[in-house]
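Sharing a structure, written as structure tokens. Questions coming.
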Amino acid sequence: MSAVWFVITRLTRDRSALIGLVLIALLVLSAALAPVLATHPDDVFELHPSERLGAPSGAHWLGTDRMGADVYSRLLFGARITILIGIIAVGASLAIGVPIGLVAGYHHGWLSDLLMRVSDIFLAVPQVVLAIAIAQTLGPSLPNVILALSVTYWPWFARVVYAETRALQKEIFVESTAALGASPWRLTVLHVLPNIASPIIVRASIGMGFTILTAAALGFLGLGPPPPTPEWGRTIAESREFLPNAWWYATAPGLAIFLTVMGFNLLGDGLRDVLDPRLRRSRTARDG
Amino acid sequence: MRLLALALHRLAWFAPTLLGLLVVTFVISRIIPADPVALVAGETATPEQVEALRRELGFDRPLPVQFVDYVVRLVRGDMGTSLFTRRPIVEDLRHRLPATIELTVVAMVVSVLAGIPLGVLSALWRNSLLDHALRVVTVSGLAIASFWLGIMLQLLFAMRLGWTPLNGRLQGFPPRSLTGFYLVDAALTWDWATFGAALLHLALPAATLAFPALATLVRFTRAGVLDVMQSNFVLYERAMGLPRPLIVWKYILRSALTSTVTQIGLLFGILLAGAVVTEAVFDWPGIGTYAVNSILRSDYNAVMGFTVWAGAIFIVVNLLVDVAHTLVDPRERTT
Amino acid sequence: MSAPAPPLLEVVDLVRHFPVRNAFGRRVGWLRAVDGVSLAVQPGETLGLVGESGCGKSTLGKTVMGIYTPTAGDIRFAGREIGWLAKRERRAVARDLQYVYQDPGASLDPRWKVVHLLHEPLKIHTALSRAEREREVLAILAAVGLPDAHLDLYPHELSGGQQRRVGLARILTLRPRLVILDEPTSGLDVSVQASVLKLFRGLQEAFALTYVFISHDLAVVRAICARIAVMYLGRIVELGPTAAVFERPRHPYTQSLLAAVPRIGGRRVTQEFALEGEPPNPRDVPSGCRFRTRCPHVQARCAVEEPPLREVEGRRVACHFA
Amino acid sequence: MAELLAVRGLRVDFATDRGPAQVLDGMNLDIETGEVVGLVGESGCGKTTLARAILGILPEGAARIRAGEVRFKGTDLLREDPAAVNDRVRGRAITFIPQDPFTSFSPLFPIETQIMDLMKWKSPRAGNGGGPASILGRYPRARHRADREAALEILRAVQIPEPARALRRLPHEFSGGQRQRLMIAMALLPRPDLIIADEPTTALDVTIQAQILRLLRALVKERGVSVLFTTHDLGTAHEICDRVVVMYAGQEMEAAPTDAFFGRPAHPYTRRLLASVPSPGGEIRDIPGEVPSLVTPPSGCRFHPRCDYATAECRDVRPALRALAGAHGIRCHHPVDAPAGADP
């Protein structure tokens, strides 16, 4: 655990990474404590048609939606959906993509070409298109969204790990350890993997942001979890009908998505410097 | 010479990648759903109607046969007919492609013309007000959901201020169709009224699409310029007292551009992905909405058609990037 | 001197070529990095391998070490042919034959602590228990002059000199018999260079090591090597006792090379130094004697017949007219 | 010989995350017209910082000049109007030869473009005002032809084969040695008074280095151009320099004509440096101790922690500049009067 604590303390020194950490903490807290923080926790299911489309007020900090439910409370529970999708989808993509990238990167020859060609196929078409196709075929539901995102996102990690492994092989310490008599398998697991761990963590963080955006797009197109699940993307889709007067109905979920993804992006940048002591880029490029 | 080799390499992988893509979409459309025909026929259809449709579409044949049949007809340019428009899919796609291309190209031009200079300036005046402002723009540019940005722009400019139309590609009659690109056709026929209207319709969707692309380009150009400023030849030119503008706008920018060219190629991918969602927000009659609607209506031949075109466009774009990179970097030509 | 002991390392007509490919990936020629090299190294000796960049000295070292597989020729280590062994058996040889990189610090995995870096070689090659390995590592650490406290540090937390010592210690834990040193002092300031040379000499005595010392710095090679081989474009042009070669160089290239080395005090090289032009590209090596394009004494025969290494005045020279 | 350059009491600090490093601690340096002066020292001694301070190209953010003067032909460059210095001194009166020929050319422009860009603003044939005001300004056709002719002539002088064809080629088509010859040509074209060469032959092989040293010395002596030549290799300094200055941890220790410097070095550091050069079969002598950190440099004479002759005085007071016979300057409380190599 000391390593994690070490990383966090180093991160707090970097202003933008700190903002990132705060935003993500906000997301996690609002998801975990949703029942406590929400002013109308039962609004996720109950409907109050009489109070529909109320402007932000003392009772409803962010106003009410078309069914009279409190927008603020539904957003908090929506955070749970977002985290769930992000973590599982990115986790699955890592589980599939990293080994493929590692094997393809380390063993030259037809195997590596084949694996990379397969990932090229998936990368040849925008991820959101394939995800929409899969999600629609399987039917709109939370597990299907997660499956659609994972199936279409692993190639991105495979390519990243492939590039990092290939670059690492040029490093002298890989050649010298091989010259010491270490077997290729030992090199891959004990030397290559730990050294690509940090680039993977950085990409995972940025990948979380990207996946949340794509999940929201699926929700917006009606392919996310069905009502009454308070998914942010679909909330925005519902709100379009009532613009421009019910402006808060569309703005609030969009801002929530924006702040969450920004959090992961900033964290990703911050991690890039903290985790690579040796490859620490010069001060000038750091704020690039 | 190198250029020829790169081109051949790309083209060599064109067919297998496309074939792979077809297999993936075929699996998605035929194998995953329980019964694709029932899905297409809809809930109200009686079992007999579903069976009739199955035979009509040839879905009763074994899957590999269906696939081979599809590929054979594809090679002959026949993508089958759309279940909803009843027109050949190739026709639909060719009719709608110019709308997407026009939107994507305008967004690309905007992001390149704005992105590169801003990237250079934010690198030159590092940690200045402009630099920090741009950092906020770039970080948020990569974090905004493009569909939400579209809606917010509609809310402000279309609904509240009324400066731009809410959506759609053009209210009145489209200009005489020479190229299919409204702006070009209107310009060619000196029909400046329609040109203005088309431009106004393009404003919000292009901005929605351009913003993330702009953010990526500024960030990448800035890093490129900062990197080049550290190089030895810049130090040498400063030591020899060459005027600073000459060093920046001739030597530094030229070096930074070689790496930015490949980035512009990748940008096209981001724009195409963004187009799919942005078109949905603005009811833009491009292949994006066509793809989304055909997916929502389980019109699988149309989905396969779109995937083939999107894949093809992607591979052509990668080829263009290689060509551009070789043209920009003289060292490539002399090896 | 009684019949010399069998050499520890013997290289016979070793060749290592690299394919030169055009943009289409088709091979259009050969980079003849090592082009037929034969030499022998006696136990406990330090053989110098000198030449300018592109002469193939590093490739020769790496081929002997097994980092590159030979194109042709044999490598006999302690009487056993190792050049053509299967990968698994070849790795086992690493226990007795080791390689030190120009920047030993770069040969350390940045993610590993020093203690694990030093234990790894023993884990790979021996079945020693943890305690036995611990004892061995501490002994080696002392030999290279590093405090035990450094065991717990990461490489980037050490100074350049300390990283160098860890790199050496990592190799010495296996108690190798022969160590190939690739440019160990290049890029170092003269005072740091002196301390590194002192360290190598000390370790040679303490561990009865045999060195192959690859360098482009003739002054260093002269100070530390008993015998020296001068290489040009992939082959040895002169091989013999260091003193003899330095005092009376016989091969025209060696003469020019030694004449080009700046000395502190005395006459200046630039007054009468005579070697013009630059070494040709190893992809198209001149016919016959490869130095003929720059040799002041070139004659017709040089273009036709490649001179073999032959015995001249107590050393071997590859020149028809030496 | 008239005084060309006089550096007096130059103090430069570099910002590091552990606090400011006092890289130059009151440096003095004199160069006469037509003289080749060697600035010798191990890495970290500040020789490159001094060279760049004179050229005025220290990195803006990191480096700060705290005190001192750089008087060049009577005017102090540090207090002159920076635009005037950049226009009329840098690249005209003082030119530069970099260490790494492989990365000191822009890889994307042919040699002709890079030379003519230099000539457009730095041509000796231009009026006193230098080149056109804005970078879009016209390059007078007559002057362009004359400058191009001068370029071809200097390329022949530095033995570049087929100069006309060479102009059209890209930098990566030349070998390291040829590129350094191009650098020498570009340094001579503006007819400077002083060339600052920062370790110009360190990246080259020994036979190429010998050719470059001989070429550079011949050309500068022929044209009466002074050179400040920095190197960490004592042999190179002996090859090309008329006078040698040795630096340690930001302070100048000893300055003497080459033969006196190598024959009878008076400063303990110079003597230890010369002794640690490997001699055939001889015993190897290194200098005990480590190079000091410049963030917390040793007091007084910065070599005292590693010096055999060090006394309390060396620790407390930085030795003043003392002149020995024959322009042999030294900063040491206990100069040694013995031939090189006669140490215990």
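The chains carry the letters A, B, C and D, assigned in the order they are written, with residues numbered from 1 in each.
FYI, a contact is a pair of C-beta atoms (placed from the backbone, for glycine too) under 8 Å apart; a residue touches a chain by one contact, two chains touch by 3 or more.
Please read these numbers as outputs of a predicted model, since none were measured by experiment.
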- State the pair with the higher C-beta contact count; candidates are A-C and C-D. C-D
- Give, as an integer number of Å, the spacing between the C-alpha centres of chain D and chain A. 54
- Task: Indicate the whole-number Å distance between the mean C-alpha point of chain C and the mean C-alpha point of chain D.
- Result: 33
- Query: What is the distance, in whole Å, between the centres of chain B and chain D, each centre taken as the mean of its C-alpha atoms?
  - Reply: 54
- Touching two or more other chains - residue numbers and ranges from chain A: none
- Indicate the residues of chain C shared as contacts by at least two other chains. none
- What parts of chain D, by residue number, touch at least two of the other chains? none
- Message: Strictly by the criterion at the top, what is the full list of touching chain pairs?
- Response: A-B, A-C, B-C, B-D, C-D
- Task: Spell out the residues on chain C that touch chain D in their complex, using ranges where they run on.
- Result: 52-53, 159, 189-195, 197-198, 201, 216, 218-220, 222-224, 242-243, 246, 256-257, 259-265, 268-270, 273, 275-276, 278
- Message: So in the complex, the part of chain D that touches chain C is made up of which residues?
- Response: 42-43, 175, 177-178, 205-211, 213-214, 217, 232-236, 238-240, 259, 262-263, 272-274, 276-282, 284-287, 290, 340
- Item | Residue ranges of chain B touching chain A (in the complex, touch as defined) | 13, 16-18, 20-21, 24-25, 28-29, 32-33, 126-127, 135, 139-140, 142-149, 151-152, 154-155, 159-160, 219, 222-223, 226-227, 229-230, 269, 272-273, 276-277, 280, 291-292, 295-296, 298, 303, 306-307, 310-311, 314-315
- Message: Give the list of chain B residues in touch with chain C in this complex.
- Response: 1-2, 4-6, 8, 335
- Query: So in the complex, which bits of chain A are touching chain B?
  - Reply: 16, 117-118, 120-122, 124-130, 132-134, 136-138, 209, 213, 216-217, 220-222, 233, 236, 240, 243-244, 247, 250-251, 253-254, 257-259, 261-262, 265-266, 282, 284-285, 287-288
